[in-house]
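Pasting the structures in now, so scroll down.
Both complexes shown next keep subunit A, but they swap its partner, so subunit B is in the first and subunit C is in the second.
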Partner chain A sequence: MGKYLLRRVLQMVPTLIGATLLIYWLNFALPGDPTAGRCGDRPCSPTYIAWFNHEYHLDQPFIVQYVLYLGRLLHGDLGTDFYSHQVLHELAIRYPTTIKLALIAVVFEAFFGLLAGVWAGVRQGQFADSAVTVATLLLISMPVFVLGSLAQLGIGIRLGWLPVTVSSRATVIELLMPGIVLGALSLAYAARLTRTSLVENLRADYVRTARAKGLSPARVVVVHTLRNSLLPVVTYIGGSLGAMMGGAIVTEKIFNINGIGAYIYRAINQKDGVGLVGAVACLVLIYLLVNLLVDLLYSLLDPRISHE
Partner chain B sequence: MSETVLARPARRIDRPRSLGGDAWRIMRRRVLFWASAALIIVFVAMAIAPQAFTSVDPRLCDLALARRTPSSSAIFGYDSQGCDVWARTVYGSRASILVGLLTAAVTALVGGLLGLLAGYLGGWVDAILSRLADIFFAIPMLLGAIVLMYSIPSSSSSPMIWLVAKVVLAMVLFGWPSVFRLMRSSVIQVKPNEYVLAAKALGASPWRIVSSHLLPNSLTPVIVVSTIDLGGYIVTESTLSFLGVGLPDTVMSWGRAIARASDLGLIRQVPHMLIFPSLFLCLTVLSFILMGEVVRDALDPKLR
Partner chain C sequence: MSISKKLALSLASGALLLAGLTACGAGDNPDGVSTGADGAALTSVTVRGCTPQHPLLPASTNEVCGGNVLDASEAKLIHYDADTAAPSLDIAESIESPDAITWTVKLKPGYLFQDGSEVLARNFVDAWNWAAYGPNGQVSAYFFEVIDGYADLQCGESGDCEAEPPAKEAMSGLTVVDDHTFTIKTVSATSNLKVRLGYTAFAPQPDAFFADESEGKADFAAKPIAAGPYTITAVTDTEIVLDRFADYSGDFPGTVDKVTFPVYNDLTAAYQDVVANNLDMTDTLPAGSLVGDLWKSDAPDRWGEKETGVFQALSFAPATVDPGLADIKMRQAISMAVDRDEITKVVFNGARVTATGWVSPVVDGYKAGACSNCVFDPVKAKQLYDEAGGYPGTLDIWVNGDGGHGEWAEAVCNQLVNNLGLACSVQTTPNFATLRDKINNREMTGLYRAGWQMDYPSIENFLAPLYATGAPSNDTDYSNPEFDVLLSQAAAATDDAAANALYQQAEDLLNVDMPVMPLWYQQSQFIYSDRIAQVKMTPFSTFDFGSVELA
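Here is the complex of A and B:
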């Protein structure tokens, strides 16, 4: 296990370097002016541009720039944003809200996704199965911003069940609707995956044996089949974090939540390149780490995976 | 004489059906296939010739008509600027469908070609391409596309095709690894088969091995995934446009239309401005996803 862990971590190093290099290159080496927007609507003064180029080492060769950038990144320095605030500090203020939102989304996704998937899988070919298939297809074809706006219109304004926007306190009740909206797409995929994997496993020999032994159908499904069927679903739920990060930008904009997503949205619209790239780089790092954790968890859950 | 007469029908039965022909026989029996095909045809027709669906000029807006609800003169009503929502929705289909089709095609081409190279050649080519794919795969598509779109500036006077190409490029850059991995693994599965070894032993050129053995036998998953992903690309494009980094307001698109309608005050007062573009967007995505699933069911014998 230790060896496997080490290999997995080492494998991640080139990916990490490549991903940060790519993001860095996208921001500073592409034709756009990195100082655009940093001085309001006016173009920046030559002194400011000179200072900026020096501060971000843009006067150095590209590879030197990148290595210096990586060094800053490792020290937790993501640069200073539009308001001369440390990007890392700004993210640190906002992350509890985003984590709360993501947790609500994941809990919702995992619970209802599994429930719907198991329901459809057990009743394969019956009404429940078709109903879940249709519902998940509808959810998949609905972009997060459409679902969010429609939820505001339907549940928030017309029915008045849940608050339409989130205050600065960001209570769980306020975050309930945004969380559900954020988790809905992944829920649909999780349900379909659970169903497929359950149906596949229900055909296996060991399930037939368990049935032949006279075990109750519930025990056959829950104890014998579900444990094996859930493995791909666990990986998927971990990996769905990547889609959620994009979704969080949209959800936080729509519901006026002051989290990391809203910070990115603000950075886009105020042309705050340093803030945008800093926040995105941070999210990509988190995404990679979570994927690593999921991989390790997977190998713990499934002893069949060899660590050699 | 009698022998030839007998042989003729036998030959007709034995003639092997191609994979495509086989899939077609299965697909044409399914209602879902015809339903999604009909929807796709309607939307593509709308994208090609929007003027056939509406006689109203979508850019002709009259503030006096602003926020009018649907009526017989404008079946989807008017938006907050007094533009005809039906006309704008019809014209908006072009950007979404163009972006979706182009992205799916280019991603399949780039990812497929590189995957074929990596799977066929192996060795250091495979090692380099696979690591490269890992890097691009590590960045969630929407996040990467936001940074890329942000970094390549374009003025609103740029021609539409350049604006569309930029969005396509952003999505292809972060979308090719999944096609690459798929193609690579299916080429690696096909390569050690006896018929490929036999062709090699008979002195077939690499080009012949690839074009007549590897490619036809490993293309199926790429086709299936590309069709299903097409819907996803339309979603990503509209999300980028919604966030303000995708297509600008000068290009009529569903993403921008929904972004303008999703202002809370407008949702309250002019909900039809939100509902109709959303409906078209979702229906388009749905029809492509359904089509992809029907194609998958027909092409993948394991699921039958």
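Here is the complex of A and C:
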């Protein structure tokens, strides 16, 4: 197990380096001149363009730029973005907010998703089942910006129950509505996955045996069936945590969250390689760690899977 | 392996995950100090802010996000009237010149910086020399081009300031006479220099600025010291806080004690917050809220509108790029075929004012009706179009997709199709930078969007940078020797009225040559919360904090 963990952690190193190289190159290959939009409705003066390109090493070939970046990275310096901010400092401020948002979304997704899934699965074919199907269908078919704007207008402005936007403090109360909006889509998928998986397992032989032994229906469902049914759901939820952190761009925009999605969006628009690579590399790292956690949870849920 | 052991390991990896998360977001939250005194009589307002693109230094701030903040914190030699943009003396006691070339600037004694030191002549001269010095990479350095000796402070052609450093560190055109007097010598006659000196780039810097050893004056920019009515007390990535400067020496103080600019990444979010009274003011509204005057019903009795020095137009691609537009009759026809009144009414709900010339009405020297080709006349347009032999192929109208320009561009296109019978299509670039890039490279045929926000309220600012031969923002490669001569004559005129008359003659030449077709002048819309009883907007689209009255 320890060996397995070590191997997985070591595997992350080449993955991360590969990811930074790829992102750096993709950003480099984007068309356009980063100084083009920096001077309002006019071209920047040639002096400034020359200074800017020199300052950010944009006058060097791609590979030199990348090696310079890696060199700084080894010293723990993530560089300075086009807004003259330290990337490390920006990430330090923005990541906690985005992580908070993603965790709220995942907790909401996991709790209500499982609840709805189990409810529908146990009452297969009955009203509960159809209700969950219809509700999740509605959520799946609604784009996140529609859901977000509607929630903002209805719950935030008309009813005044929750804050309309998120301030710089990014408290849990403020993040509640965006978190729910962000988690709503995955909630629908999680509920459906749980339901399908549960229904399948409820027909299995060992469940019939358990029932025949005279165990209470609750124990049969929760202990015997649900645990086995959770494998695909856990995989899905783990993956969705990573996706939420990177994919929160729309939600962060609607609710004005100064998180990592907004930062990545800005960096891409500005063709700001240094800011982009730093932010995305951290996302990749989080994704890898979440995947590792999910793999480890497997063996906990299903004794047949072992990482020895 | 037992279940409990597995659980322990899973928990351990969970801890590892948390470690990874914290590695990416290592603590150090902005301390969010709210300078207490909720019960006290401190008054405060919040204003939509955005992330400044450059450090908060006067000569490196050329966009609204930083400009809105510096507008409240910096005092300059000249102050622009919050209502009319008319220039008046602020730090300067007098600015005089016998010939529009050599200028003597006298400062008011006892004008204080926010650190308590006095604003002296050297604070201007040294600040301007620092800003113009090539290796310092100040984006607005070119504003000092008018000063004699500017060229000596620039790095070589390569832009590599280490290999080819500038010849000098100080401009020969600036001389300190005594503590309260300095002289400026311009490269050529510049009759409107006085008006220009109110632009942010010309702000003075205290001695503390020059004492800062950090790279690019980053430490100073994090807590700038200026001489204006408000002190910048905190600059974080999520908000910028300004406190009233108690010992402010000028005549244009603010009314509230504290102004906070929370950073918004999205106009709609800020708009919704003002509607819900969570934010006090926003100076730019999302395009969607203008449709059907939604903004006026969303924030009833809490809105305002102000004519600002912004001019929107369509540039004709230079004849070298698009020979189809080389014929003057073609350009006249296209301009005449557009019913600007209809578009400003239908598309903008009156939020734009039809342009009748190339100069904004907010500046001194504006003359209505300079553009006779802008008067809608479909019959004459069609006749001119036929005489020019028709446009070969499809006429493209280029706009950037991130600025809400698609709708009016479609309307212009449709009118051209209906009135001239040509084929027209709207081309959209993903963002403004891409459009700017294509303009710089002269890649586009047809028409492209041109917007111009004045730097300083002078008729010259709407003509010289845009249409003088070889000027930096001359995107159409327009060149008319007669136009250039008129501009330099106007610049040499020591009498304002004479200068304006010459500038107007130059503007008339644009009507003859039509390098750019004017569309409309911008009005800025703003809304405010129910905490605010009154607020005014300046012709520069910023809020006038001297006019704020709380409810």
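Note that in this section the second predicted complex is superposed on the first by the 223 of 308 C-alpha atoms of A that agree within 3 Å, B and C clash if a C-alpha of one lies under 4 Å from a C-alpha of the other, contacts with A are read in each partner's own complex, and residues count from 1 in each chain.
Throughout what follows, a residue touches a chain if its C-beta (ideal position, glycine included) is under 8 Å from a C-beta of that chain, and two chains touch if they have at least 3 such contacts.
None of the values given here were measured: they were computed from a predicted structure.
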Of the partners subunit B and subunit C, which touch A:Ile264 in the superposed model: first, second, both, neither? first
What is the contact status of A:Val172 with respect to subunit B (first) and subunit C (second): first, second, both, or neither? neither
See if subunit A has more residues touched by subunit B or by subunit C, and give me that chain. C
If you stack the two complexes on chain A, which partner ends up touching A:Leu138: first (subunit B), second (subunit C), both, or neither? first
For A:Val164, is the partner it touches subunit B (first), subunit C (second), both, or none of the two (neither)? both
Quick one: is A:Ile93 in contact with subunit B, with subunit C, with both, or with neither? Answer first, second, both or neither. second
Go through the superposed model and pick first if A:Ala204 touches only subunit B, second if only subunit C, both, or neither. neither
Tell me the contact category for A:Val107 with respect to subunit B and subunit C: first, second, both or neither. neither
Could you look at A:Val223 and tell me whether it touches subunit B, subunit C, both or neither (first, second, both, neither)? neither
Mind working out whether A:Gln152 is in touch with subunit B, subunit C, both or neither, as first, second, both or neither? both
Can you give me the overlap between the subunit B contact set and the subunit C contact set on subunit A? 31-33, 36, 152-153, 157, 164-165, 253-254, 265, 269
Per the touch rule above, subunit B residues touching subunit A in the complex are 131-132, 134-136, 138-144, 146-148, 150-153, 231, 235, 238-239, 242-245, 258-259, 261-262, 264, 267-268, 271, 274-275, 278, 281-283, 285-286, 289-290
Which of the residues in subunit C come into contact with subunit A in the complex? 1, 3, 6-7, 9-10, 13-14, 16-17, 20-21, 23-30, 32, 51-55, 62-63, 134-135, 137-139, 141-142, 154-155, 157-161, 216, 218, 236-239, 262-266, 268-270, 272-273, 275-276, 278, 431-434, 436-437, 439-440, 450-453, 465, 472-473, 475
Parts of subunit A lying in touch with subunit C, wherever the complex brings them together: 1, 5, 9, 31-34, 36-45, 47-55, 59, 82-85, 89-96, 99, 152-153, 156-157, 160, 163-165, 167-169, 252-256, 258, 262, 265-266, 269-271, 282, 285-286, 289-290, 292-293, 296-297, 299-300, 303, 306, 308
Considering the complex alone, what residue numbers of subunit A touch subunit B? 14-16, 18-19, 22-23, 26-27, 30-33, 36, 137-138, 140-146, 148-150, 152-153, 157, 164-165, 242-243, 245-247, 249-250, 253-254, 264-265, 268-269, 273, 276-277, 280, 283-284, 287-288, 291
